[in-house]
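Letters A, B, C and D name the chains as they come in the text, with residue numbers starting at 1 for each one.
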Amino acid sequence: MSIFIDQQTRLVVQGITGRDGSFHARQMIAYGTTVVAGVTPGKGGQRFDDTVPVFDTVAEAVRETQANTAVIYVPAAVAASAIFEAADAGIPLIVCITEGIPVLDMTRVLPFVHERGARLIGPNCPGLISPGRSKVGIIPGNICRPGRVGVVSRSGTLTYEIIHQLSTQGWGQSTCIGIGGDPLIGTNFIQCLSGFQADAETDAIVMIGEIGGTDEQQAAEFVQQTVTKPVVGFIAGQTAPPGRRMGHAGAIISGSSGTAAEKMAAFARAGIAVMKRPADVVPLLRERM
Amino acid sequence: MSIFIDQQTRLVVQGITGRDGSFHARQMIAYGTTVVAGVTPGKGGQRFDDTVPVFDTVAEAVRETQANTAVIYVPAAVAASAIFEAADAGIPLIVCITEGIPVLDMTRVLPFVHERGARLIGPNCPGLISPGRSKVGIIPGNICRPGRVGVVSRSGTLTYEIIHQLSTQGWGQSTCIGIGGDPLIGTNFIQCLSGFQADAETDAIVMIGEIGGTDEQQAAEFVQQTVTKPVVGFIAGQTAPPGRRMGHAGAIISGSSGTAAEKMAAFARAGIAVMKRPADVVPLLRERM
Amino acid sequence: MNLHEYQARDILRQRGIPVPPGEVATTPDQVRAIATRFGDRVVVKAQVHAGGRGKAGGVKLAATPAEAAEHASKILGMTIKGLTVRHVLVTPAADIASESYLGIIVDRAAQRPVVMVSAAGGIDIEEVAARTPERIHRLAVDPRYGLLGHQALGLALTLYRDIAQARAAADIMQRLYAACYAIGASLIEINPLVTTRDGAVTALDAKIVIDDNELERHPEIAALRDSGAEAPSEVAARAAGLTFIKLDGTVGCCVNGAGLAMATMDLVKYYGGQPADFLDIGGRSNPQKVVSALKIITADPSVRAILFNIFGGITRCDDVANGIVQATREFRLTVPLVIRLTGTNEELAVKILTQAGFSALTDMDEAVKQSVAQAAA
Amino acid sequence: MNLHEYQARDILRQRGIPVPPGEVATTPDQVRAIATRFGDRVVVKAQVHAGGRGKAGGVKLAATPAEAAEHASKILGMTIKGLTVRHVLVTPAADIASESYLGIIVDRAAQRPVVMVSAAGGIDIEEVAARTPERIHRLAVDPRYGLLGHQALGLALTLYRDIAQARAAADIMQRLYAACYAIGASLIEINPLVTTRDGAVTALDAKIVIDDNELERHPEIAALRDSGAEAPSEVAARAAGLTFIKLDGTVGCCVNGAGLAMATMDLVKYYGGQPADFLDIGGRSNPQKVVSALKIITADPSVRAILFNIFGGITRCDDVANGIVQATREFRLTVPLVIRLTGTNEELAVKILTQAGFSALTDMDEAVKQSVAQAAA
């Protein structure tokens, strides 16, 4: 099985006629994802690649195609608007790939999405893939293998690196999720861990964090209390310089938290096997299984 | 019994040191209402009339006195802010007497109040009274008598006129509520009717409407479907000139609805006894009981 | 408070909404000069707070500056629905390709601002709404989020197939929505919203009504009030803090509270009379308000009797009584007065009135019956 | 993007927040003229994007215009945390009765803007926060409603007992909150927010950081960027669309993706090396970006070896390979290059590189080990 997406996923691609949207729509279709519609205002009535119907609005796309998942590839300036639109149209799962959305836009988007009971993954994320079943986003399908490891990550290419390590050494994945590297995101580690814990076809979890924020520490606590499956974790940024100081306010809000050392310690305390480098993932998984 | 207020009501008066607030606080105390606190920013620590503690904020008042009801007498320019404050402090029943609050302020206040699960009565209303038990607002206590008629009205002085008719002819009231004459109000006829229907100590209901809007028509439908107690109704404004036209938009929104004739017809269809004049209230009640 | 079309246009323009050129004038000579400057056909439009200007002859097309001045000389000073035209707006005649309707108003049922659009814009929009309601698209806006981009575009796409025009209209809608809150408008309408032959989307005519309760916090908007364009009795009433609407009957009514005022008028009719006005002195009466009310009522020559109906709550009956006595010292009443007072300080009021030679009743029906009889006498 | 104090003051003033007088200068003579005009003691403050200006000698009190000019001649051209001072702000010395702290920042845990205030304002505010957190009052604002009046006043009452001062501070908070959204700020701080001896509440010093993602929609804010106040390598990186942070090591890193870039740096350290930079070429690579990246890396004389680590997804490996080849045509590389490429168009990239005489690896650990060895050689 998989979490969030599967063969029932009926995808609408927002920005399907754009540079990124068209490229990745083709990749997703090629991978086997059921892409039922595209949206580009003003291009309603056309067909993408002579097959996928394009609509002016997500609401129309949902009405005509019963799309249940949206993926967003529109430019940053209008990406918040695209999320609002998808949520307003009743889409329950919205994956926003676009990077560069202003944080203040997200402060308004998130309550809107939550009020409508929708789940947002991202923004600024590679999306998710359930190998062999469905792919929503930009994770290269060819590096993934179907299997029983769940992968959740704040990163993009680093996730590919880890997936690559897993696949080439025979460890397939149930679902791989990039939750996004922005300060405000729709779905956090805990929600993904909880999905993997409940998923009968996931045996182990790989969790890839970064410096900044306290999401990993909270996730570690959740693992300790709730997750019974083996978890292997990585934190990028051990040698990163301390982030640009965000005035006094940044220091007051975050205190001393957010360093790689602190996060790795939280992982260790929670019983999560801590990788020192990406190549450690398979040996540690092997050890824990 | 009574609806919304009773002997458990612990009242905080917002604007207690102002002209209207101080006058009516004294009236309410004299009537027997449990006034536990007043609020006037900057006067925290003082005592009103040497007895009621005054606080800077409603939050403090709630913390210190367990107030569970707020009544607002502050000027119109800051009245929306006072409602926000009461709701934010967790007050479950907020009665706003102030008239002249901009309608657009109310568009923002109402969802805030609803999100917090609070009930707002008003604004621009005389408040409510449960004769012999508690009074929150400005309805003159001396015109009311304890009894078993529930009164709900969009009007102020017209309500007093009807209460006066009832009391002087021996028909006491369980609760009298003025829901307010503004276009946007927190509690409508239906919510009050539903309260009276459920109240074991209310035997009959008097409902006083006005021209404008469709609240009375909806209430009539509710009466027909749900209310088993006798209801007597009045609509003010049979001879009023058609309201100032609010552009085309006003006409489009309201169509032909909102006239006294239409509302009286809706009452009659729903089995509500329709008064032709205030003096009809007691004869009609007598007929229906 | 109603704004004139030219004032509404200025507000829209300041907020980035495209408005065609136009200038306001008060004399035919000014109109001639403006028309000469525009150098093409112009439209001369009466600026009054009344609908149906066109049908009343208040909107005219002129081919030449001379013709424009001639139209202006007829329109200026013209009376439309009782209001005298003092300003005209002169605009180049637009080359219109399509006319849409765009309006925002607070819907009391939805408790939200509602944006309404129709591709069938123009003066017959109400008929369109009544006969073919499906041609009006409405959206209740969640004020916590405002009018969102996709919502505006969705509405705009019902007006225009061309995406550039739809985006332009959506932008206008978002600016219009923001303007509502920024200026405290109860209503903003653009009718028609037009596309010109070159494809631009622009606000040809605009109507704005300001919520009177917002005026205190928007002094720059309050300053736009044109008292010359309103009935003098209403100007006087507003200055005195009264709500007053003139009607056609003979019984002048003076009541505290809008609901009781309406019920009083209804009762006048019930007993065979006709109210001469709606007049609410509001809560917190003071004697001076009563004096002003009596001045306004007695200024109407149709009034044959005056009825006071006061139920004292916040309003103190003695204040009202004092006001009546004071007024009769300031000017002579030529019509009979019937006074009903009950509630707060009723006894004191009766004493004051009795000493001044008036009698006071306590029963509403009795008072109304007497006033109707007096007016008919 | 950081704004200078004088720019932040201008923004606050435009938004109705009281700011004491002050003028910016770039020469001692200008400073003397300004100080003469103010006619009293003045403070001369270095305008650089760095904290701790006071401790570094960048803030000086002057009793006379001559002294002000003298201070300015020392401060202008001074280097604070690697940044050269090019502007000073001259303000009359304030007569301060109290110093508070006021800041707004988006809290990622709350997912909302948080307003923070403390009566213990001034340069030691972080210490206050660490040692006596109860002296910092925080409020997470619901962005659907904004900072409401009673919330602002509640915070203000923790700063001032005087209601007029509290209302003034609450007004400042609401304006500051609105400013965040209006200008796209990640952070706005007033520290200290002072009361003067005459009781006025005013923003003595202000700091604003703009979310870089907002700059496109706020060209007027983007125009405030002072590239002269930033490190040249960072200016060049931004112009090329790269994210670059200079570090102290010898292995120059060029990676696609921030997470992989950090993991690469970590691995350099793991194998005994020291990264010379953080450099993310982002998604959607094009060859020119790679050329720019190589120019920036090679401009650093400490770099002894360069490591490319590319995991192709959106980034195409052949684009990167072409960029490397193109760069070596434009300028000569004097340090060894270790290239690791895998993913999209990997085979093509290897072919391009091989033809140009480079070798390419596919394993990250191997590549990092080699680069560390090369840098140590």
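Quick note on the criterion: a residue touches a chain if its C-beta (ideal position, glycine included) is under 8 Å from a C-beta of that chain, and two chains touch if they have at least 3 such contacts.
Just so it is clear, the structure is predicted and the values come from calculations on it, not from any experiment.
The chain pair with the larger count of C-beta pairs in contact, out of A-D and A-C, is A-D.
In whole angstrom, the spacing between the mean C-alpha positions of subunit A and subunit D is 28.
Averaging C-alpha coordinates per chain places the centre of subunit A 50 Å away from that of subunit B. Centre-to-centre spacing of subunit B and subunit D amounts to 55 Å, using the average Cα coordinate of each chain. Residues of subunit B in contact with at least two other chains: 108. Multi-chain contact residues of subunit D (touching two or more other chains) are listed as 144-145.
Taken as a contact graph, with one node per protein chain and an edge wherever two chains touch, the assembly fits none of the named shapes, being neither a line, a ring, a star nor a complete graph. Here subunit C touches subunit D in the complex through residues 144-145, going by the rule given at the top. Those residues of subunit B that touch subunit D in the shared complex are 41-43, 56-59, 78, 81-82, 84-85, 88, 108, 112. For subunit D in complex with subunit A, the residues that touch the partner chain are 51, 101, 103-109, 111-114, 116, 125-126, 129-130, 136, 142-144, 180-181, 184, 186-187, 189, 191, 207, 209, 211, 213-214, 216-217, 245, 247, 255-260, 262-263, 265-270, 275, 278, 283-284, 311-315, 342-344, 364-365.
In the complex of the two chains, the subunit A residues touching subunit D come out as 20, 76-77, 99-104, 106-108, 110-111, 126, 138-140, 143, 153-161, 164, 181, 183-184, 208, 210-211, 213-215, 234, 236-241, 245-253, 255, 260, 276-279. Within the complex, the subunit D residues that touch subunit B are 145, 148-151, 153-154, 157, 162-163, 166-167.
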